[in-house]
Structure formats: C-alpha cells, structure tokens
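Lettered A, B and C in written order, each chain numbered from 1.
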Amino acid sequence: MELRDAWSIARKDLRIEFRSRILTNQIAPYTLLIVVLFGFALDADTQTLRDTGPGLFWVAVLLIALLAVQRAVKIEDDDAAKERMLLTPVHPSSVFLGKAIALFVQLFALETLLFFVMLALFDLSVEDPLLICFSAVLATIGIASSGTLYGVITAGVGVRETLLPILLLPVLAPIAIGATRTFGDAFGRVDADGWAWFGLLSVFAVIYTVLGMFAYGQLVEDA
Amino acid sequence: MKIKFKEVKEGRFNATSSRSTRFLGFCLALGIPTLILFAFVFSPKDDTMEDAVRLLYIHVPVAIFSYVAFGITAIGSICYLWKQSRWWDTTAHASAEIGVIFSALTLITGSIWGRPTWNTWWEWGDVRLVTTLVMFLMFVGYLALRQVPAQPQIRAKRAAIVGIIGTINIPIVNRSVEWWENSTLHQQSSLTDGNLEDLTLFTWFLGTLILGIAYLWLMIHRFRVGWLASEHEALGYGAAIEERQAEAGIQTAIASEYREEGEIE
Amino acid sequence: MNEVINLQEAVVTLGQFPALTGVTLQVSQGEIVTVCGPNGAGKSTLLRLCAGLLPVREGSASVLGEDLHTNRRSIRPDIGLLGHKSGLYDDLTVEENVAFWGSMVRAGDLEVKEAIKYMGLDGRLRNVLVRQLSAGQRRRTSFAGLVVQRPSLWLLDEPHAALDTEGRDLVNNLIQDAAASGATVLLVSHAPKELSSPSGRFVTLAGGQITSDTNKEGSGDGTS
C-alpha cells in the first residue's frame, strides 16, 4: 500500500467533483433545502428547532452522504475505471483510502456550510467549539469509510440507488446517535458528556477505516 | 470433446426432511402445546407484571435465539471468506433469514408486552429494544443484498462482508444506545434474582429449549432448501456446456467463412 | 519457446452461462494472435480470462507463467486490456486521464507526454475533457494509457473500432512495435482485413471453443 497512490486517487476524485459542479450546484442547495424543510416541519418554533438542531444536522449529513457515496461509485463504474484499476500495481487499500479521503473532504465542506446556515437560521450558540470540530472530523471519517465500503458493495448492482440506503443507514446508527449527542453537548442543549461520545465516534472511525482497507480488495475483485 | 462435470444424482436431495428433522418436528409438535400450557395455565402470575409475564416465556427465548442466529451468520460469513465453501455461505444465509424472523417476533412480542407493563408500545430509551431494531434492519438489508442477482461467488463474498460488519456493529449500537439514554426499562435478568418459583423457572427453561429446537429445525430445513437451490443452479451446467459446444459445431462453418473473407484482401 | 498464454480445456462460466467451454490455446512471446468469431462466441471472455479478471472453472490456465487458479492477481499489472469500455474519467481532460493512469502504473511525466504524442493527441485535444471527445478520440486516449503502461501482454478487444484510417495505421504500428519489443498481443477483431499483417496467426472461436487455428493447420484454410 502506498499513501502516494491514495493521494493521487483522492485528488483525481476531488478534481472530478470540482469540475462537474454537482457538489456546488446540486448537493449544496439540497442541503439548504433540507434545513428549510426542517423549519417548515417543526412549525417555525425556534425553541424546538434549537433543541433538535444537533439531530437535524446529522440527519441532513447522512442524507447528503448517501448522495455523495453514489457519486463516488458512479465515477468508477461509468466507464469501467474500476476494472482498469485492477490491472495496475496499485493496492486496493490505497484505492479505498483515496476514495474515502475524497469523500471526507466533500462531506466536511458541506458540513461546514450546513453548520453556519443552521447556526444562523436556528439561532444556536456554540459553547464548546473544540468539541464541535473534533467530533465532526471523527464522525465524518466514520461516514466516509463506511460509505466507501458500502459503496463498493453495491457497485455494479442494478438496484444500487435503493440498496445503498437500507444497507448503510443502519450501520451509521451509532454515528447518528453519537454525533448528535456531542453536538448537543457542544451547543449546551443536553446534559451529556460530549467527550465520552467523542470516544465512541473515534472507535467507529478506526474500526471502519481498518475494516475497509482489508475488505475493499476482496470486494473489487471479480465484481 | 466432452467436459467432465459433477452431475447431481437424481432424487438424492428430493426433500428437505430426514429422520432427524422429523424427530425435531415431533418434539416441537409436543413441545409447543406443552409450553403454552405451562406458560398460560400452570405457571403463576408475576407479582408486578401479573399476566403479562406469560408473554415473556416466548419473548425472551426468541430474543436469545435471534442473537444466536445472527452470531451463526457471522461465523458462517467468516468461515466463508476463509474457506470459500458453499456450505458456510448457505449456513450464513439460512441463519440470517431465521434471525430476521426471530428478531421481528422479538420486537412484536416485546411491544405487546410493553403496552400493559410500561404503558407504551415503544420505548426509545431502552437499550435492548433499539439495538434489536437496528440489528433487525441491518439484516433485512443483508437479505435484500442476497436477493440481488449476481454471480454466486460475488454475491456470497459481498453478503459475507455485510454479515460480518453487521455483527461487529451490534455491540457498537448497543453501547451507543446505552449511553444515549443511560437507562433501561428492561428487567435486569430476572433469573439471577433467585426468588423465582420452581414452576416459573421450569417454564423459562422449557421455553428456551423449545425455541432452541425450533431454531434448529427451521435451520436444517432452510439450509437444505438453500443447498438444493444452489444444486439446481449447478444442475443446468452440464447441459449448458453441451449446448454451447454444439453451437460451435454449427457455427464453425460460418466462422471460417467469416475469417476467409477477411483474409482475401 | 516461451509460452505467455497456455490454456488447456479452460472452462469459464459467467453466472450459469458457460462462456468458454474448453479452450486450448498456446501463445508464445512476441506473437500477434487475432481472435475472430461470431457475436457471442466468447471472444471478450477469452481476453478477460487472460487478464486474470475471471476465475477458471475447469481445465488449466496459465498466463505469463502464473497459474490462473491460484495467482490471478499477480499477473494483472503486466497486462494491458482494452475492452469495450475505455476506463476513462469523463470530467478529466485527455492529459489528466493519461497522467492519472500513468501515475497508477508508476510512469514518469516524460512517458505520459510521449504516449500522448504517439497517439496523436497533442495539440488542441490534450486539454479537452474526455466527455467532449468523439468515440475514436476516446479510443486513442485509452490507447495512450496502455502505451504508458507498457504491458507485456496486450489484450485488445476490437482495437480498430471507431478509428479512422490514420488511427488504424497508428494502432497497427503500435501492435507491431509492441510485438517487436517482446510483448505479446492477443486481439479480437470482427474484420481481420483491417490488420496490417494478414499473414499473422488467426484463431477462430465459436460456441466458447477454438474451432480453427492457422498455426495448427499451417496454410490457414480453416475448414475443419
């Protein structure tokens, strides 16, 4: 495995995403739309929005993650680039890492946007910015790793769009719970020990990154 | 030229029952009415739960065996990746299917029981409830993946990895839900309290035994169905090869014409 | 002689469909072998088998000295496969695509530049997105990726498809050059007349089997 390969692959994915403008022209507006819909659904009640803000944030992130994973899979599947990659000396773990890094960067950028929008619209105030930062990074690593792994599991399958959510979302349940709690704590909304939850997010991130690096090679093979 | 292939002997696997499954089935036919009698008639009411406790004689064993079933799916998945054998793949699949049904039953019986006892159908704060629900959804996804048409080996490999991840995820989900609400409405294991009546204790064990037999019985049948299905897939193989080779016989003339035409220039 | 491909009664199934029903084929180093045959004869499957992308179900198969039953993965970096799909990224330019695949096979900048030039893609086309290319230009870009890779076994699925006369000559030269430098070429063609050397070896595939082989019959009348 070589980190250099992973980096080339990540750069390639990011360049494609940057150029296709899908992130900025479609997914980002979609993110904002989700926030607005939450506002409508919860009846313009700022107090409720403030209390549920951390949860809504992560629900929105999971929805965006599904789209981003589909994109990442599509890039490799469209013109059989995945197969071509098999005919190079690049180790599958490098491919996994590269794809996961690219997904991480995109998700983190969208999360940042979403964060400030919600801060403004829901009138939230941050009590522990460090916790927000660290837990967002860790949760996003977990989502990017498990997303990349499940993306390749559903790659090449005709029903990819519908299969991915039912496979991936239950797996992300701990992230949904954990990241919501850390954010709740950091916003001063709930009385939870955010840093303990941060530990859980780290465990999840480590498990899925390691698992993905091992399993990815098995999965791209023959598929 | 002929290819040698293993042909499945006609009638060798014509049924999924055998002497052992008939014996297990017989035990169930006797055991289930007995369990019902003990649970609903002979065993006493609980001091706090009253008659609702009777549902637990089913609920708890079903829950235990749904976890056992997913455990066996995980073992089957690991062994499949290790040995690449169809036997383990079929085992993992069969067990997951039973596990999904058992966990659905767990959720339903638990919900019905929760209504009179906790005064609610569903309690988000309860660790085991939420964990079981997530686990159930995860393995519904696993079964969905198995339904997708794909080459048998590819499908088996993907399913095995999803099966293993699903199982690894169970303790993580459990941890997170536990911290989430920091509380559980569930009884701490009632068996260890030590002041249960003999009849209650006996009914617990009977329930566990009967559900264990039920799992085993279903498992053997489901495994054999799965095995038959893959044998059936393989059955056409010999005929398909011959048919395709015959295709060569017919097409040879056309093919050489084709080639000559190209060569003339 | 050094055998690059050695298949003995190899059977390959795609799902339940036996695409190859017992192929016996030996190809030596430096040979150029053209595989012909009707649609659905198993030509593309044969190439994919030789690339180590498909499992051998029965029979024996070795490519570049490695047994495909056990060592399918290890041969892959030495193989250049040009399939129906080109393995390119639509939103990258020609140069970026070739450079990316070049970096995946550890080729230098110079080799990337040379490959682009060799395939006649320098100049205006170099900075055009692959999405905007014509089918023939795509094919050339894909070829440039193979040139950078310098594989020891070239597996080309209808390499002339969609190419203009100039492109065909280019590809024919490329194939000759590759063979001359010690590489082996196995190519599938519907219209062998497009090839520069009709005297080369022809193999006909039908129903997943080799039905004629000019090497074995000498003259190549192929009426077996």
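General observations
Quick note on the criterion: a residue touches a chain if its C-beta (ideal position, glycine included) is under 8 Å from a C-beta of that chain, and two chains touch if they have at least 3 such contacts.
Everything quoted here is computed from the prediction, not taken from an experiment.
Common neighbours of chain A and chain C, listed by label, are B.
Centroid distances built from C-alpha atoms place C farthest away from chain A.
Here B-C and A-B are compared, and the pair linked by more C-beta contacts is B-C. As a whole-number value, the distance joining the C-alpha centres of chain A and chain C reads 38 Å. Each chain gets one centre point, the mean of its Cα atoms, and the points for chain B and chain C are 45 Å apart.
If each chain is reduced to the centroid of its CA atoms, chain A and chain B end up 31 Å from each other. Residue positions 151, 153 of chain B are each in touch with at least two other chains. Looking at chain C, one finds that residues 55 touch two or more other chains. Contacts with at least two other chains are made by residues 221-222 of chain A. Residue ranges of chain C in contact with chain B, taken from their complex: 9, 11, 13-18, 21-22, 36-38, 41, 55, 58, 189, 191-193, 198, 202, 204-209, 211-212, 220-224. Contact residues on chain A toward chain B in their complex (touch as defined above): 149, 153-154, 157-159, 163, 166-167, 169-171, 173-174, 177-178, 181, 196-197, 200, 203-204, 207, 211, 215, 218-219, 221-223. Of all the residues in chain B, the ones that touch chain C in their complex are 1, 3, 5, 151-153, 233, 236-237, 240-241, 244-252, 254-256, 258-260, 262-265.
Within the complex, the chain B residues that touch chain A are 81, 134, 137-138, 140-142, 144-145, 148-151, 153-154, 157-158, 161-162, 165-166, 168-169, 172-173, 175-177, 179-180.
Considering their complex, residues 5, 8, 12, 15-16, 19-20, 75, 78-81, 83-90, 221-222 of chain A touch chain C.
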